[in-house]
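In structure tokens below, several structures.
In what follows, chain A forms one complex with chain B and a second complex with chain C.
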Partner chain A sequence: MQWMTIYKKECLESARNYKWVWVPLVFILFCIMDPLTTYYLPQILESTGGLPEGATFDMPTPPPANVFMMSISQMNTLGVLVIALITMGTIAGERKSGVAELILVKPVSYTNYVTAKWAAHISLVLLSIFVGLLASWYYVQLLFGDISFIYVLITTAFYGVYIIFVLSISLFMNTWTKVPGFVLFLTISILMILNIISSVFSHLLEWSPTKIPSYLPSLLRSGEVETDLWFASLFTIVTIVLLLFGAIQTLKRKEIV
Partner chain B sequence: MITLKNITKTFDKENAVKNITFHLSPGKCVALLGPNGAGKTTTLKMIAGLMHPTSGQVELANGGSGDIRKHIGYLPQHPQFHNWMTGKEFLHYVARLSHISKQESQKLAEQLLDRVGIADAKNRKISKYSGGMKQRLGIAQAMIHKPTVLLLDEPVSALDPIGRRDVLNLMEELKQESTLLYSTHILGDAEEASDEILLMHKGAIVESGSLQEVRKRHQVDKITLRFEGNMQAYKGKIEAFPFVTHTDIQKQNIHVYVQNVHEARDVLLEHVNKEQWPLLFFEVGQTTLEDLFMKVVNEHAMDDHL
Partner chain C sequence: MLLTQNAIQFINENLAIIAPLLIIQVVLMITALVSLIRAEATNGPKWMWVLIILFINTIGPIAYFIFGRSHES
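What follows is the complex of A and B.
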């Protein structure tokens, strides 16, 4: 099957580039950074010179859910940047170098070409996020106290929807320009603009994809999925489908070379 | 096989290809000949579906509807591969993309690597391949799905003499299997491998037909002379003869294009004798395709200046 051929090739390429190793490692690093620094902050302060004489500094231990959310917000900035970095050249780079000329002159369906690449990157990124948050959960559990694993899983799943949205934007941008750096710029800019718009008009844009992370703290604490989160997720999934459709159509109309 | 109807391609208001129409008949080997920038690559890319014509159509003749790409193999001028793959992996990948079964793909990849002469390097990364090896791999990937039409963009221009010979031989073989359309700016390659030529210049087809036809149509008798001293002195005198159409001087030779070669030879020789011109070289011959090539290009270059 053609779709599987492209999917396997993408996965093999990621393996040859060691992406299956370094991307999960980077995500683990992002995710455990905050729990560890928060826990060891008193010791860190002390060893770096500490506080002025006489100053008392009473640091309350934050609740486990808050610490876990720190990992997610870390992912929301640095993680998204890494995702945009590893996907910025997937189609744009192939078109720029000229390999796309050889591939797309074969009877390759554009739908297969786009969706297989999309799926391959999702596999890599979701796996990385999963192990990253798993590591975060482990340290939160160890250092801050109990946190429900089921709730963590549900939170991760909803966060995954948002991450797929980020990936889809990057893939969509890939079909618009041949310059990978520009894809990165467009992806990040669009996410920033969306973030600003949805926080300024937050009462109007309850279902904006970029609002998903803001629903996660209460989900993590209670395990209950708010209606707004359901709708936001549904709306995000629809947007993802539209982005993919747009990417396929754009590529069809674009000249490959 | 494939018909191009009134194809025009415009880049930023400039016509790269101007209203070309031609038919590619099955089993032929056609050379798309022309100087750099004539629009050869653009034409090939439009047939391959990589570029869309601004106007006009590319049609597959044998009632073939659907994806034209199934029937086309294409070798770009500078083929690029996934450099992290080995040659064999790449061929296998491309075969699988062309809906060939797994076992068949493996077999075809091995066969083709052998056929294009890079079987020794099949398990080496493509990034380690030399230019010639990449060109061969490019040909192998173009023919892997047994296309009815093979489009090769400058298949031999970048190769060393040995590689060039190998590829020309390979093309000779491929002629038996499919229709070949290849572009070149080297006339010798066109004369050697093709049955027909399409001469392009400034985006238009200025001459086409079988090699013999074109040669015959443009063949003019010419007499080449060389004298001691300055050629210019003789030019005017020779042009005065009624049978001379025109003359030109290249290096130390004066080429005299004539209408009646027998009369011209006798008269010229007689004249040389009578006037005691210091003759060094005298040859009766005919214009070659190269003369035609140069003539066409120059004529059109002249038009542009006017």
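What follows is the complex of A and C.
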């Protein structure tokens, strides 16, 4: 009951901030930008000039799966940045402005407070990602060729696990500091460090959460879920639970004054 | 002149493909403007945000939604 109240309050706040409108729209834009520019690349090159007279070079049309992966890699950079930006103040800002005091002075459990916020943001972000990738799928289908919708759905589902992981890191960082900008910095740095570590030791860390996107291309082509991807997702889910637990514990120990 | 004619022809031929992109950008811009008009206070002067939203494509409205809204209200 209490959990639902906080969840609804968070969703209402997102609606008041127009987040339910602009986040999906922005994600659609990010997702369809790359298929469109790839499709129009010959025309763009032609009109911007710079090619010597009579120069011709054939641009091979990339396979549909590659174009769809472009959208996902766009999500990995700009999308993750937007996610970190919209979540950076969710607890930190409330603690700074004193709203968190008002809420937590009532018999609201920290667990409910954190998980409800987490769930509200996940609803918004997952919906946005789903809509964005759906738009990307539509354009790829239209401009480049056939790509199985079921595979796209499976890929999106696994990618969603990774996105929930990103959100959980941001929420965890929210409990450590009261400065939203610092939360953003910490979230992005942790993700970057994780990325570097798991690409340097890629043979040792096959289950690292940041490796999930790199398993997606083969999943998209064949529709078969590799064992490594299963374990990576499982490991990611465990990490997410730990991060949430850690966030609740930090918030408790800080005993909001 | 030739170039603009080509451009017009190109747009006519590809309207169905490009239209969603334009519509989304316009909707984003309008949402940002509505939100700006209804907001009591913003971080920084309002007229500055109007210019940013209108003239910086895509990034402008996003920047307004993330940084422009003041959290006091």
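Here is the rule we go by: the second predicted complex is superposed on the first by the 255 of 257 C-alpha atoms of A that agree within 3 Å, B and C clash if a C-alpha of one lies under 4 Å from a C-alpha of the other, contacts with A are read in each partner's own complex, and residues count from 1 in each chain.
Assume a contact is a pair of C-beta atoms (placed from the backbone, for glycine too) under 8 Å apart; a residue touches a chain by one contact, two chains touch by 3 or more.
It should be emphasised that the depicted structure is a prediction, and the values quoted were computed from it without experimental measurement.
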{"item": "Which superposed partner A:142 touches (first chain B, second chain C, both, neither)", "value": "second"}
{"item": "Chain B versus chain C as contact partner of A:17, first or second or both or neither", "value": "both"}
{"item": "Partner chain in contact with A:86 - chain B first, chain C second, else both or neither", "value": "second"}
{"item": "Which superposed partner A:2 touches (first chain B, second chain C, both, neither)", "value": "first"}
{"item": "Partner chain in contact with A:29 - chain B first, chain C second, else both or neither", "value": "second"}
{"item": "First, second, both or neither for A:102, with chain B first and chain C second", "value": "first"}
{"item": "Chain B versus chain C as contact partner of A:197, first or second or both or neither", "value": "neither"}
{"item": "Interface residues of chain A shared between complexes with chain B and chain C", "value": "17, 97"}
{"item": "Chain C - residues contacting chain A, complex", "value": "10, 14, 17-18, 20-21, 24-25, 27-28, 31-32, 35, 58, 61-62, 65-66, 69, 71-72"}
{"item": "Chain A residues within the chain B interface of the complex", "value": "2, 5-6, 9, 13, 16-17, 97-99, 101-108, 255-257"}
{"item": "Residue ranges of chain B touching chain A (in the complex, touch as defined)", "value": "45, 48-52, 67, 69-70, 72, 74, 76, 78-82, 84, 93-94, 96-99, 138, 141, 145"}
{"item": "Contact footprint of chain C on chain A as seen in their complex", "value": "17-19, 21-22, 25-26, 28-29, 32-33, 36, 39-40, 43, 82, 85-86, 89, 93, 97, 135, 139, 142-143"}
